[in-house]
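Two complexes are shown next, each including chain A; its partner changes from chain B in the first to chain C in the second.
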Partner chain A sequence: MINIDIGATAIAILTLFGIYSLMAISLNLEYGIAGVPNFGQALFVSIGAYTAGITYTRVLPLLAGLESVHPCGPTMGQALQLRSEIMAAQPLAGFINLGLTFLIAAIVSGAVGFAVSYVTLRLKEEWFLALVLLVGGETVRIVVRGADDFICSHNGISGVAQPFYFLRDPHSSSLLFMLLCLALALVAYVYSQRLAHSPYGRMLKGLRENEDVTRGLGKGISLARAQIMLIGSAIAAVGGVLFALNTGFVNTNDYVVNLTLDIWVMVVLGGIGNNRGALLGAALIAILDRFTQVGAIALNMSGSEIEFNYVRFIAFGLILLLMLRYRPTGLLPESRLTTNAHDVVRRAIGASNQPPTPSRHRDGGHPKHQGGGAMRET
Partner chain B sequence: MPPALLTTSLVNSIQIGSLYALMALGITLTFSVMKLPNFAHADYFTAGAYAALIVSLSGAQNPIAIMSAAFLVGALTALLSHLAVFKPLESREVSLYTLILASFAVGLIIRYILFTMADYFNLFDLRIGIPLQVLYREGFLILSNIFAWVVPTTIALVILLTLLLNATPLGREMRALANNINLARVIGIPVERVKNSTWLLVGGLAGVAGALWSLQTAVNPLMGWAAIISVFAAAILGGLSSFSGTIIGAYVVAFSENTVILFLNYSFGLDLAYKPAIPFIIIIAVLLIRPGGFTQLLKRGGKLQR
Partner chain C sequence: MLLELKHLRKDFGGLRAVDDVSLNVPEGAIIGLIGPNGSGKSTLINLIAGTIDLTAGQVIFAGEDISGLSADAVFHKGIARGYQEPTLYFKMTVLDNLLLPVKGQRGERPWYAPRWSTWQREERAHALAAMEVLRQVQLLPYYDTLASDLSGGQMKLLEIARALMGAPKLLLLDEPTAGVAPKLAYDIFRQIARLRDDHGITLLIVEHRLEILFDFVDYVYVMHLGNLLAGGSAAEISDHATVREVYFGD
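Entry: the complex of A and B
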C-alpha cells in the first residue's frame, strides 16, 4: 500500500489549481470572452518557463553578487550548485529575481500575443490563426530544444527552485508557494471578472458574437483583439513561470501540444466564457492530475503492465469529446449578460423575472460559424 | 556543398516529399469535401505504421501485404473517428473551432492508445523487417530498395486517385460535395455514403504513407505528429484545394527541409537545429502573402482541382 500524506497532497493539488487557474483564465479571456481561438497556449506558457530558465541562470548570480557560470556543458553541475546555494542562502536575491522573471515573462509574452493578433488581420480564413498559433508553438519548442545555449537544448535547466526554498522545511516552503500561486490566481480572477463585466468586456463579447456588427457600432476591433491577446498571453506566461518553479526544472518536453489541450479541456469542462467555469475546470483537472499520478504509482506497484500516464491522455481526450458532444456549454454555462441599466429598466416596467434564454452557446462556439451558412459555403 | 551530399539530399527530398504528398492529399481531400482541417490525420498515419510493423513482425515480409494492412487500419480508424465524433458534431452544426478541437482530441486518443499498446507489447522504435539494400549505384547517386518502393507507390496512388476523382461516379460526387454540399444533397447525391467513402480513402492513404515511412525509419507513436506541421505546410502550399498544388507543395517542403537547409548550413553556417522552423516559415509566408497557395498563383478558381 502507498501512504498518502493528506496535507502534502492538498498543498500539491491547490498549488496546481492556482497555476492551472492562471492558464485557464487566460484562455477564457481570449477564446471564451473575445473569441480568439488560441491553439498555441503552450507557447505563451513556455515563454514564462523559458524566461525563468534564463533568469535563474544568468540574472540570479548577478543579483547575489557572484559571477555567473555557463549553465550548460561541462560547467552544468557547478551552475546548478551555484543556483541552489543562492536560493538557499540569499532569499532577497531570489525574490528580486522572481519579480524580474514575472515582469520579463509577462512583457515578452504579451508582446508576442499582441504581434500575433495583428497577423489575423491579414489572414483569409479565421481558423488560419489557430493553425499559425499551433504551428508557432511547436516550432518555437523544437528550435529551443535544438539550440544549445538557450536552456541547454534537450537537457533543460534543473534546480529552478521556488522562492521559499531558503526555509529548508519542505512543508512550510511549499505551503507558502501554494499561497503565492493562489494569490496570483485570485488577482487574475478578480481582474478578469471585472474586465468581463465592464463595458469593454461587453464589447469583446460583441466581437465574439459578430465582428461586423461590433465594427459597425464604431469599435476598433483589431486593437481590441490585440489587447486581449496581450493580457491573456501575459497571464499565461505568469502561469508558465509558476509551472516551471513548481516542477523545479525547465524542459521543452513539458510545453507540447498536450499542454494546450489540457488548458482547453479545463475551459470546455468548466464553461466557455465563464471565469468561474475556468476556475472549476482548473480545479477538476488539478485533482484529476494528482489522482492519475497516484494511480500510476499504485498501478506500477501492483505489477500492472499498463502505463497509467497514457491512460490519462486518453481520458482527457474522451472528456473533451463528451463535453463537446453532450454539454458544450460546460458545467457552469455562461450567465446571461445584464447591466445595471438593464436591471433598472426591467424593474421599472415590472417585467417578469423570466429572462429569455440566451441563444448563444448551443455549441459552445460562435454563432457566426453555425449552420450550413456562410462558413460552410466559402 | 559537396556533390555527394547534394545528391543524397535530393534523393531524400524525393523520397520524403512523396510521403508528405500522400499525407497532404488526405488533408486537402478532408478539407475540401468535409470542410474540416483534420489534425487527427497524423495519427491515422501512425496507426498505419503500427499496423505495418505488427504485420511485418508477425512474419509477413511482402510489402504489398504490409501496405494493405496499413491501408485497412488507417481507413477504419478514419471512418470510426468520423462516425463516432465528427458526424454527430456536424449534425449539430457546431462551430469550426469545435471541430478542430474535436480533431485534436481524436488524435490524442489514437496516439495514446498506440502508446499504451506499444508500451504493453514493447513496440517502441522498432524497424520493419525489410532490410535496407542498395539497388542502384552510379557515381554519387545511390538508390535503395526503399526508394524503389516509396516513389513508384506514390506515383501509382496519385494516378489512381486522380482517375478516381475525375473518371468515376464517386469522384464526381466527392467534387460535388466539395463545391456545395446542400446542392449535392438536393440533387440526390447520397451525401453520407460519399462522406464515408472519402474518410476510408483519406485514412487509407495516410495508412499507406505510414507503412512506407516505417520502411525508412523506426516506428514510434509520435512519428505522425512529428510530421504533421510539414504536411500541413504542403497542403497549405496547395491552397487546401488543389491536388497538383498539394503534390508540388509536398516536394517543395521536403526539398527545403533536406536540401535547402544543408545548403544554408554549408554556405552561411546556419545551425541544422533550425530545420523545424522551415515548414513554419512556409506556412506563415503562404498564409500572409498568398493564402490560396499555388492555386492562387496559377490564377485558377474553383474547388478541388486535379
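Entry: the complex of A and C
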C-alpha cells in the first residue's frame, strides 16, 4: 500500500487544474468559439516552457547581479547550483524573472500564432492551419531537442524552480504556487468570458458557423482569426511557463502531440465553445492524471508488470469517442446569448407592454410610447 | 446610375458561366433578374458581391470601380446580399443574426471587446435598431429564438432583415421566395418593396416566381446561357417572343 497525503494531493491536483485551465481556455477560444482547429497547441505551450528554460538560465543570474554560467555541458551542475541559490536567497530577482518570462513567452507565442494563422487562414480550408501547426509543433520540438543553445538539447534543463522556492518549506511554496496558478487561470477565464460575450465573440462565432456569409457581411475574417490565435497562443504560453515551473524541468519530450490531444480532450469533454466547460474538462483531466499517476506507482510497488500509465491513453481515447458519439456538445453545452443586447430588447418589449398607470401617463402618453422613450434614450 | 456592369465575364475552367454581360441598375429601382436554371444569374450575383472573382469586365458602384474587391470590402461599399438557401447563423438567436452585420462596431475589436463599458452603450443602440427592423418584418416576438427554429419563410425574412442592418444602398437577393408558400411569398415581396419605399434601398432580385416578381419590379433583365438575352418592363418581357421561347418553352 502507498500512503497518500490528501493535502499534498489536493494541492497537486489544483495546481494542475490551474495550468490545464489556461491551456483549455486557450484552445476553447481558438476552436470552441472561433472554429480555428489548432492541432499545434503543444507548440504554444512549449514556447512558454522553453522561454522559462532560457530566462531561468540566462536572465535570472543577471537580475541577481551575478554572471551567468552556461547551463549545458560541463558547467551544467554549477549553473544549476547558481539558479537554486538565487531562487532561495533573492526572491525579488525570481519574481522579476518570472514576470519577464510570462511577458516574453506571451509575446513570442502570440506573434507565432498570429503570423502562422494569418498566412495559412487566408487559404480556403482552415484545416490547412491545423496541419501546419501539427507539423510545425513537432518540427520546433525536434529542432530545440537538437540545438544546445536553447535548453541543452535532449538533456533539458532542471532546477526551474517555483517562485516561492525561497520559503524553503515545500508545502507552503507549493500552496502559494497553486494559488498563483489558480489566480492566473481565473484571470484568463474572466478575460475569455468577457471576450466571448462581446461583439467580437459574436463575430468569431459567426466565422465558425459560416465563413463565406460572415465575409459577405463585411467582416475581415483572416485578421479576426489571427487575432484570436494571438490571444489564445499567448494564454497557452503562460500555461507552458507554469507547466515547466510545476515540474521544475524543461524537456522537449513533454511537448509532443500527446499534450495537444490532452488539451483537445479537456475542451471536447467540458463543452466546446463554453469557457466553463473548458474549466470542467481541465478539472476532470487533472483528477484523471493524478489518479493514473498514483495507480501507476501503486502497481509498480506491488511488483506488477502492467504499465498503468497507458490506461491514461486508453481512457482519453474512450472519452473522446464516447463524447463525440453521445454528447458532441460536451458536458456543458455552449450558452447561446452573447452580449447585453437581449436584455436591452427584453426590457424594451417589457416597457412597451406595461399596463398604463397614472404615474406613467400623467402626460396622457400611450403605454407604447414608454417603449419608444426607452429606445430614444440611447 | 447606382450599379453598372460592363462586359462581365466569368469562366469556370472551360465553362463560361457569364459571358459579356452589361446592365445598369438605377438608384431606387427594383430590378428583376430572371432566366432558366443554369443561365448564370446566381453567378452574376456572386460576381457583384465579390464572392467569386471576375474573369473580365468591370463593376461600377456609385461611380466607383469595385471590380476585384473582396466580399467584405464590397459590403462596406454598400452592397449586401441574400442567398438562395437561407444562410443564417442557425446556432445564434434571431437578434444576434441581426447584430452581426452592423458596421464599425467598437466591440468587435479585441482590444475593446473585454472592456464591456467601452461598447455596451453602442450595443444598446444597435439592439434597439435591430428591434425596430424585427418589428417591421414581424419577427420581434422571435428575437430570442435560435434561427434554426424559425420556419422557412421566417428565415427568408430574417435574411433580408439581416442584410438591412448593414445599411446597404443596394441589396442583391437570390430567389427570396424559394421554398416558401405563395401567400408568404407575396408578404416577402411586400417587405422587399418597403425596403425601397421606406429605406431607399435599391434592389436587384433573382426570382423564378415571375407572377409575383412582375407585380413589384420596375425593370427586368433576362439571362440565358450566360448571356443577357433581353431587358424591359415586366409587360415587355412577358410579351417578348425569344424570352417566351427560352424561358417558358412557348
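What we mean here is this: the second predicted complex is superposed on the first by the 334 of 378 C-alpha atoms of A that agree within 3 Å, B and C clash if a C-alpha of one lies under 4 Å from a C-alpha of the other, contacts with A are read in each partner's own complex, and residues count from 1 in each chain.
The working rule: a contact is a pair of C-beta atoms (placed from the backbone, for glycine too) under 8 Å apart; a residue touches a chain by one contact, two chains touch by 3 or more.
Just so we're clear, the structure is a prediction, and the values are computed from it rather than from any experiment.
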Original post:
Should A:Gly220 be classified as contacting the first partner (chain B), the second (chain C), both, or neither?
Top reply: second
**OP:** Once the structures are superposed on A, label A:Glu307 by its partner contacts, choosing first (chain B), second (chain C), both or neither.
**Re:** first
**OP:** Quick one: classify A:Thr75 as touching chain B (first), chain C (second), both or neither.
**Re:** neither
**OP:** Name the contact category of A:Leu131: first (chain B only), second (chain C only), both, or neither.
**Re:** first
Original post:
Once the shared chain is lined up, is A:Arg336 touching chain B (first), chain C (second), both, or neither of them?
Top reply: second
Original post:
Between chain B (first) and chain C (second), which, if any, makes contact with A:Ser198: first, second, both or neither?
Top reply: second
**OP:** Figure out whether A:Asn253 sits in contact with chain B (first) or chain C (second), or with both, or with neither.
**Re:** neither
**OP:** For A:Gly206, select first, second, both or neither according to whether it touches chain B, chain C, the two together, or no partner.
**Re:** second
Original post:
More residues of chain A are touched by which chain, chain B or chain C?
Top reply: B
Original post:
On chain A, what residues does chain B touch that chain C touches as well?
Top reply: 375
**OP:** Quick one: which bits of chain B touch chain A in the complex? Just the residue numbers, please.
**Re:** 35, 37, 39, 85, 88-89, 92-98, 100-102, 104-106, 108-109, 111-113, 115-116, 119-120, 180-182, 225, 229, 232, 236, 271-277, 279-280, 283-284, 287-288, 291-292
Original post:
For the complex, which residues does chain A have touching chain B?
Top reply: 31, 37, 39, 119, 122-128, 130-132, 134-136, 138-139, 142-143, 146-148, 153, 257-258, 261, 264, 268, 305-307, 310-311, 313-314, 316-318, 320-321, 324-325, 328, 362-366, 369-372, 375-377
Subject >> For the chain C and chain A complex, residues of the former touching the latter >> reply: 49-51, 70-72, 75-76, 80-81, 83, 87, 89-93, 95-96, 99-101, 103, 105-110, 112-116, 119-121, 123-128, 130-132, 140, 143-144, 146, 162, 166
Subject >> Complex contacts: residues of chain A adjacent to chain C >> reply: 191, 194-195, 198-203, 205-206, 209-210, 212-221, 224, 227-228, 231, 334, 336-342, 344-346, 348-349, 374-375, 378
